[in-house]
Structure formats: C-alpha cells, structure tokens
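Shared between the two complexes below is subunit A, which has subunit B as its partner in the first and subunit C in the second.
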Partner chain A sequence: MSEKTIAGYSVKCNDQGFMEDLNQWNKEIALALAKEESIELTEKHWEVLSYLQEQCKNETAITIRKVGKSGIVTIKEFYQLFPKAPLKTASKIAGTPKPVSCI
Partner chain B sequence: MDKQEKLPVKKMMLILSKATIENVYACFILANGARMDGIESEIFFTFFGLEAIQKDKLKKLHVATVGNPAMHIPTLLGGLPGMEAFATKMMKSEMEKLDIPPVDEFLEMLSAAGTKLWACKLAMDMFKIKKEDLIDDLDGVLTVGDFYERADGERTHMLFI
Partner chain C sequence: MKKKLVILGAGTAGTIMANQLNKKLKAEEWEITIIDKEQKHYYQPGFLFLPFDRYTPEQVVKKIDKFIPKNIQLLNEDVQQIVADENKVLLVNGKEINYDLLIIATGSHIAPQEIQGMEGTEWYKSIFDFYTFDGALNLRNKMRTWEGGKLVIHICEMPIKCPVAPLEFAFLADEFFRKKNMREKVEITYVTPMSGAFTKPVAAKELEYLLESKQIKIVSDFNIEKVDTEKSQIVDYGERTVDYDLLVTVPTNMGDEVILRSGIGDDLNFVPTDKNTLQSKVKENIFVIGDATDIPASKAGAVAHFEAEIVVDNIMRFIEGKAVSPDFDGHSNCFIETGNGKALLIDFNYEQEPVKGTFPIPGIGPLQLLKESRINHWGKLAFRWIYWNILIKGIPIPFVPSKMKTEGKQINKK
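And then the complex of A and B:
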C-alpha cells in the first residue's frame, strides 16, 4: 500500500494503482484516472462507475456477467466504454478494489 | 538492470476438442478471462467440441462420470442410468452460485466480449454437421491452416483442450 497524489488529492492505493478507500474517491480523481487510461468519461461511463461503487458498498463480488445484467450496459457496450480490460479499468476509475472474479 | 522487460500474452488461441462440460467450461473461462484482461482470444471447435456450438446439443452437455477418477465414485456406479444427469445438475448449480453462466449464455458473453468462435471444417464434414446447425454467433468455418494463419502475431499462445 502506498500514498499516491491524484488530481491534487493524496489517496491510498495498492501497488497496481487500485484505490484502497472508496471514501477518498471523488469525480476529479475519476477524471484523472480515466485520463491515464485514455478514456473520456461520458454519462454512460459515470452510470457504470456508480453501479460498481454501489455493488462495492453492498459487498457484492462483481463480475462482467452482473454488469451485463445491470440494465445499464450490455457486455458489448461495456467493452466499448472501457476497452482492453473493462472490469479492471472501470473498477480502477471507480475507486473500487481490483475484481477477483474470472467471469 | 535486474528487471527484465515484461512481455504479456497478446492472444490466446484455444482448440476445444471435447464436449464434456468440464472441458467446455475450462475453455470458455480461459477465453473469457483473456478478454477480461485485454488479451485477444479465439476458439476453434473441432471433433466433439462441435457439440458446444450445435444449437440442439449445447444445452445438453454432461460431465463425465465414467473414467474420471476425480469424481470419486466407483466406475460401475458412474455408469448407472441418470448418474451423468445428476452429477451435471449438481455441478451446474454450484457454478451458478459462482455466477458462471450456462453454455448458451456463455457463448453470447464470449461473442459480445469479442472472442472469435470458429468451427472446424473437417470435423463438420465428418459428423455431417451443416452451418445452420450451429449457433448464429459463429464467426465462420475454418480449416486447420486457416486457424494457424490467424496466429501470426508475436506472443500468441495455442492451447489444446
């Protein structure tokens, strides 16, 4: 665990850049993290991010299948919004822990 | 410099030759897991693996209860009528708990994630399977040569299941 300065805020992150404390998250941090991933956040992106945060608060293990059934995005759209590794990238920007699921 | 430059996998080419549910799921989870990590993936369905993409068969795949020592039931018992169906039902309910989808939904997930799904031409000819018998999400029918041609980039791995 280490302290990292993101958008002027000091936040606790693990060595892979996932935030350790969701309470430290804010929209400016999200914008900065998204920029690192070359993603411009649209309305849809924000909806996905708040869905992930809700699931995290409910302590539900998140999977791509669940995101696809959330009613917010289909799996295809999820891959388009967060290309490459959608669940990991989205979790990183949302300030939620690194997903441990294989699905 | 002590640290070697990391060269992550770029593409996984999976060959599925079996239709027992444990093999089908192993293949699907590897293909889907690759996409989840930004790795390209493709599946070549050949021989019995073709059952996993046949519309009228893919929902009826079973776990092998005979000749499978890891089932921990005597071979004779494993061969009793209904045994495969029972073991399959048990396994499916455990998998649902882990949010692992059934075969048809899994194929849709893979396709949506960008995994390429290919059927083997020779095996189709051998089993007299027509393209109409196969799922709509199929990306095409290939020969072995065609499949190898698609493995033309660096850091591509091929896996036979």
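And then the complex of A and C:
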C-alpha cells in the first residue's frame, strides 16, 4: 500500500493503483484516473461508476453479469465505455477494489 | 408434537449438517428430514483427476444414503419450491413438507446454456467441462486419444466453485502431455475473466513463475460472449478471440432452479445470506450453507465444513431464542495441484489473503503454505480419504479449527 497524489489529493492506493478507501474518492480524482486510461467521462460513464460504488457499499461482488443487468448499460455498451478490460478499468476509476479471486 | 428441521440437499454441506445436528438435537424434540434428488454422492474434487486417468470413476462416487444417519428421514425427491412465508417446501411429486427450521444446502452446478453456442453440436466433442461426473469422463475418453493442438482451459465467469480447479487442470495437463511425450504438440492457454491467473498480491508474486515454467500462455480479462463452433473460437464482448482445438471450459456456475422457482435468489440463483452468521436474508428460520450461499467466501467443500460449526451453533442459539452470532470468518483451505507430484496449500479468510507459512501446526507444519512441496501433494491425495471418512461425517479435523489461525503465517502488518 502507498500514498499517491491524484489531482492534488493524497489517496491510499495499492501497488496496482486501485484506491483503498472509497471515502477518499471524488469526481476530480475520477477525471484524473480516467485520463490515465484515455477515457473521457460522459453522463453514462458516471452512471456506471456510481452503480459500482453502490454495489461496493452493499458488499456485493461486482461482476460483468451484474453490470449487464443493471439497466444502465448492456455488456457491449460497457465495453464501449471502458474498452478492453471494462470491469477492471471502471473499478479503478470508481475507486472500488479490483475484482479478485481467492488466490 | 415434535418440531421439524428440514435440510435441502444431501451433498457435502447437507450431509455434514445431518450428521452434526443428529448429535446435537434431542431426538424426542426434533424430527430431521433431508431431501435430495440424487441417489449418488460424488466426491467432486476427484473430477479434476478423472480426465487424466489418475482416479477411477468408482473412487469418486458412493451411495448417498451411506452417509446419512439411519434415524434421519432421507427422501429421494426433487424439491419444487420453498414457500418461506408458510414455512413449507413443495416437492415435484406434489407433496408438501412443513418445517420449523430449514437449511438450504442445494449447492451450485454448471449452466453451459448461459453462453451462446456452448452446449450445441460440439458439446462433448471438442468442448468439455470437468465440473460434472459426465463431463470429466467424456473428457477422459477424449484425452486418451487426442493427438494434440490448441488446448484452451477457460473460465466463463465468476464465481465458480473451487476457483483454483481450472488452474490445477492446466498444470496437470502439462504433466500429462509431457509424460505422453507429446507436450510439444500441445499449446496450452489459460483464459480467465479475471486480471490474471493470480489476483492476490502475495500469491501473484510467489506463483507467477509456475505458468512460465510450464509454458502455459495466459489470456486475462476475457469475458466470453459466445462460442463460434464454425471457427473453433471463443469470442469475448470486446470482440477478442481465442482459437481452440480442445476447449475445456468451466461454464457459468449457478444455484439450483428451486431457488429461482422460490423467488429467493440473486441473478445466479444464489441465496442472499449473512456472511458471518450464515442465516438467510430471506427469513430468520432459514439457514444456508455451502455453495448455495451468495457470501464472498470460496465455494469449496472445506469451506462448507468450516461453516458447519457456525451454522450448528447458530441453529442452537436460534432454537433457544438467543441472538445468532457472527462467527464465520470466511475461512478457506485448499490444496492446489501443480503437477509432477507437487502441490501448494493455501489457508485464508475474508480479511487475510493467502501467504506463506506452516500448517496446521504453527512453526512446524508439516504442510507448507503457498509453496510447492511433495508433502502438500500427499495432502491433496489424502483429502479424498478425509472427505469420505471424516469431513462429511461432520467429525472435526485435528488441528484445523473453523476459525483461521494467524499463527504460523508470514503476515505483513500494515
């Protein structure tokens, strides 16, 4: 774990750049993280991000299937918004933990 | 009149429950009934070894009633629906069974129909699972004569039971084809929806060498949309493709349809359950154990075994009118075959990721955590004996309590 300065804020991050404390998250940080991924955040992006944060607060594991059934985006659209590895990238920008397996 | 406790499912978790509650509950006060649609009890961890001809089919299946105490009523029936509001279950044959307390232990199973093109004409021809007895046997027959090509080992989506099994399959496949002197004819690729084969920092650091040394290619962040059987490709939502000649996939894992029919599950038919008390969020007189829950613990037999102690305690508390206790820490323990007579062992819980250390006796072992060793491999093989003779009979395993021990682990304090 380390401290990283993002958009002028000092935030706790793990080695892979995922935030460790959702309470430190704000929109400026999200914009900066999105820029690192070359993503320009639109209204839809923000909706997905707040959905992920809600799931995280409810302690529900986030999956592609859940996002696809969220009513916000289809899985295809999710890929268009956050190309290549949408779950990982969107989680990073949302300040939620990286989805992990047991090992 | 006697009170009624009903257990749905006589697999790993249900059988442990039947054995433990039979000792705990007074026979003059409680009548216990356990219901399962199958007549056979499978040792599912053995499905990993069947395709490689390392276990025989007879070693992984026994009659279900062999493990249920005689004074417990075992019904060989399919459960149609749980009517939680009326404290009753309906059987497919039309009968109704009332209960005072219900334990759901209906497990999870593969659902290849969730992925377009998977279960079509190529199913059990060039596409196989090894998560079922049938799948593992069909795959064994295929592997006996397969002449090589692109072997793709693939996970459709999480969560799956025993999340390390596909990785073990890849390691064992490497050994299998090496021993057959045809490793150079087989290209092994491991395809996962996760960010890598190892997702936890310490494990990733310690174990990444395994894939490289065994020449297993990895494709990560791959979320399958469909199987294109014409082109022998799996295709992800981002339009990436991976070619296969032999696809060994772990299809979507789902809870039983009875959960769907009862309207009590999540989008994968898992039952919303308190992750620490194991009481369902459906109704307070329903407890859930094993693969059927939606808790963020691993879906594994060893986990069901640890959960059992907490479920029994909480059932006793509930009966006595006391508050249930949040004692389950997510403890999980599992051997990981790495091939060539070696295995790893991991021991972890909700908070603690797998790290190095000694197990089960801190500082002594004899088993090593997160490190390949021969003795771990013997441990894995011994697990079958432990499963049939200790685990499902609900007998505690010496030195392995349900709460994870931190002693004996190399934990970096934050």
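By definition in this document, the second predicted complex is superposed on the first by the 100 of 103 C-alpha atoms of A that agree within 3 Å, B and C clash if a C-alpha of one lies under 4 Å from a C-alpha of the other, contacts with A are read in each partner's own complex, and residues count from 1 in each chain.
The rule we apply is simple: a contact is a pair of C-beta atoms (placed from the backbone, for glycine too) under 8 Å apart; a residue touches a chain by one contact, two chains touch by 3 or more.
It should be emphasised that the depicted structure is a prediction, and the values quoted were computed from it without experimental measurement.
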Query - Touched partner set for A:K44, first subunit B, second subunit C, both or neither - result: neither
Report task. Scan A:D15 for contacts with subunit B and subunit C and give back first, second, both or neither. Result -> second
Report task. Could you tell me if A:K76 is touching subunit B, subunit C, both of them or neither one (first, second, both, neither)? Result -> both
Query raised in the report: Is A:K88 touching the first partner subunit B, the second partner subunit C, both, or neither of them?
Result: both
Requested in this report: Mind working out whether A:K98 is in touch with subunit B, subunit C, both or neither, as first, second, both or neither?
Outcome: second
Report summary line: Intersected contact list for subunit A, partners subunit B and subunit C 61, 63-66, 75-76, 79, 83-88, 101-103
Query - Partner subunit B, residues of subunit A touching it in the complex - result: 61, 63-66, 68, 74-76, 79, 83-88, 101-103
**Report entry** Complex contact set, residues of subunit A against subunit C
**Finding:** 1, 14-15, 59, 61, 63-66, 69, 75-76, 78-79, 83-88, 98-103
Query raised in the report: Inside the complex, what are the residues of subunit C that reach subunit A?
Result: 157-159, 163-164, 193-195, 198-201, 203, 207, 220-221, 223, 225, 237-238, 267-268, 275, 296, 298, 332, 334, 336, 346, 348, 354, 414
Query raised in the report: Once bound in the complex, which stretches of subunit B touch subunit A?
Result: 29, 32-33, 35-38, 98-101, 109, 112-114
